[in-house]
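Should a chain be cited, it is by its letter among A, B, C and D, assigned in written order, with residues numbered from 1 in that chain.
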């Protein structure tokens, strides 16, 4: 499967989040602790929003993140208030740039850890349900990219949680029709450049790990001497497959079958239930 | 578009055909004379049959052929009685290994120069017509790979010319339904490891260049001093997008709307007409 | 050989200079008009300075520039007041990231078109002349990277034109010692992030093409209707292997055996003579 | 560091040795048990001898071995009586094809696991000791490639063990001159296409793991039901960084500070001592 990280908050040099932490995403690419695989070396991607652009920039490549010099360069020179990073462990599909997350459509960005069990059985049916105007934008062969385009088909632009619920419901329905007991396993992040939605769900209710960082004001009280916490706004939030370190009180598990919204103002957590379309 | 070469005959070191000729395919990757583009640097592939294997081996990569060291190595060390080579000039689709020709299915190998005009309009419809059991094997995003899987769907394994005719007829029908005046442009080669079929066709009857080499016995009489001609069997034949040199009498244009069969025994040429399925 | 472009002036989106012009560097990667090769597809690199960094950022990769999506992304999202871009046509040395220009050392950046004739004969001797502390930073196998490190050894940080003259003098001396009649062929650009030096020189006084853009105020008088000219500062200057278009009066050949300095204030041109160390 | 495998014996499909074993080299690229790193994903290489060629063929690439399709293809189609395979874990030097093992010079092939401690301090001095005619063939930046060219300089072609001993002695002498306490750590394999020499040595006499397979006749007596053992000649031998499985009696540690010779006839093991040149 994969590991990912979503950041929203104070304009931040990517290096600070991607490389600096003790158990950074780069470290996870070699030594994941909570992932299904310890190694996530089948490609990577970062996507970030910057001033003056509604669409995010992407840097994606097919080699491992840990030895990629262009990623190292961008981390040293790019800062952003909202960015995604993803490291891939292929479950068999080709290792190619078009299969690297995050995926983008207009101002939207999407990344996924998990899999559709039996995807080869239902890939064709899922593709048929994608809006024909969107279908032409599918460039790779992952289940994740199809999930993204299904969510777009189901109204991601209007109501992200509902669109993801319909996508999940569709995957589960088709899975069952093909005799797959537990079709869906996902933690996923989606953003329009302003808000960030993070979902944790699996058909068997035994989902991959997902964590969110605690409120900055609470963390500051716990750790008044941590300089980093003084430099970031109270709105700053991270959602990650694995904690980036072991600062006490910093990380909280996203509950099973839930999703959170990170946005200007109060963030919120809700239960997540797939919806039959 | 692209350039390609198909060889059938005496077991031959790939280098002899791929690199040695004055206007070799490697030279064409930098300086094509008859192609739509002079540069064909968006990936390459070779596929060859060897003793003891019914399925061909593939070496494909995303960089240009002219500077690829693994291709250079294989050319120096692999010999084969039947091989394909292809250099790609992308018309926009991603430069990735899964978009590199030749494509393979079991013992079958397929490569293409040309394009489906308006492919983005009919990609979905074409994919729907592919046998669902075959659809899962589509790994890339080219029109060519879909054409191959359509031909497989239409019986390539039983009757290659008929299957290709149905594929072409289907592309033209769908193209017209989407308002495309000249949907199909193709020179293509297909083989099962024994026989080789090469097609030249386009809806506007103005197809990309395609040439076949003259009979070896005739060439020997013309050029008794050319050592290479003495070393090859009378059954040896090349089909190429562009002549590999300027030996007088060596190269003949495949007629417009035709296909040839290279096989043990007498080779033959026939007219080609798309068939409405 | 190669083609390159150096930009200094108004903070500018890379796309405007790299992709937009009629005969952009990306176009030159496929269809160079004045280069030794028409195709420059053996890797590329860009380097740019941004606020808050003295060292430039680099993006370099081994494939052709024309199909690289990460380059396309950066061009759409990065703007800079001073950047280099380079497309490579290898003369035999390996196509690898460490052989892609521009090269960097601290705040310095360097790129080159041309070659040391007989480099294989004198590579070892040239390497020996590199300051041992600098030698460890040589990562690739090009003559260009050795030239850069020789110039650093000879005081690039103090007096760039003198350091380049000593480097050139050393190459010519060693070349003659090895029986090479015309050892050096170069157009090169070097910058410390503030000023930009561009050199055109070859032992046989028949150097590769190099052009600089005319003064912005003069161009505005010639072309009052060209919007681009109104948007840039009077200090803006381009130095390029080939003109990016055919705007009358826009491009001037750098004279044979000369170098120019682009800097805040008046730019200047001087004769260039190698110096024996 | 790295992991490697050397095979000599019955002409064998690469797949049988590279992919089939339970703890194959491909498995070790993801999950090394005895290596310094668990992941060896910074490039790979295979080199093999085939009939009619004195020089081996190489396939090397910069991505991980575990997801490389060209490696998978070659393993399925190439068989050889003598081949090397290597998976790399870079200790900082660039991940590029020219840094991938095995290295080749004429009919010689060389691969290495380990490192020269303080290589950056003595790289220049080591390069100076390489025969100038050989120096021009150094294409990458690894300590390993320099070690190979030093061994060539010291007479690898005449007396491999003596040449390697002189190389090792030179590295240790220069290391000490630069204040490095334990300069050398190596397991290495070298072959001329007929015999195979494998060395295990480190200055601190705590060398990386290295194993050789037991005599085939002895293994057959132990395991009369293992079909593979019946299909291979009595001369067949493997030398590996890690055992490929857990067949009792199959694997023996190469003793500390030793080297073995695998050749037609009786194989032998000798103590290894660096030699001061």
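Throughout what follows, a residue touches a chain if its C-beta (ideal position, glycine included) is under 8 Å from a C-beta of that chain, and two chains touch if they have at least 3 such contacts.
Predicted model, so just to flag it, every value in this text is computed and none were measured.
Touching chain B and chain D together: A, C.
Matching the C-alpha atoms of chain B with those of chain C calls for a turn of 180 degrees, to the nearest 5. Interface note: chain A and chain B, two copies of one sequence, contact each other through mostly matching residue numbers (shared numbers exceed half of all numbers used). Separation between the centroids of chain A and chain C, computed from CA atoms only, is 40 Å.
For chain B, the set of residues touching two or more other chains reads 69, 94, 97.
On the side of chain B, the complex with chain C involves touching residues 30-31, 37-39, 41-42, 62-64, 66-67, 69, 90, 94-95.
By the touch criterion stated above, chain B contacts chain A in their complex at residues 93-94, 96-98, 120-121, 123-124, 127-128, 132, 135-136, 138-141. Residues of chain A that touch chain C in their complex: 50, 53, 57-61, 69-70, 73-74, 76-77, 97.
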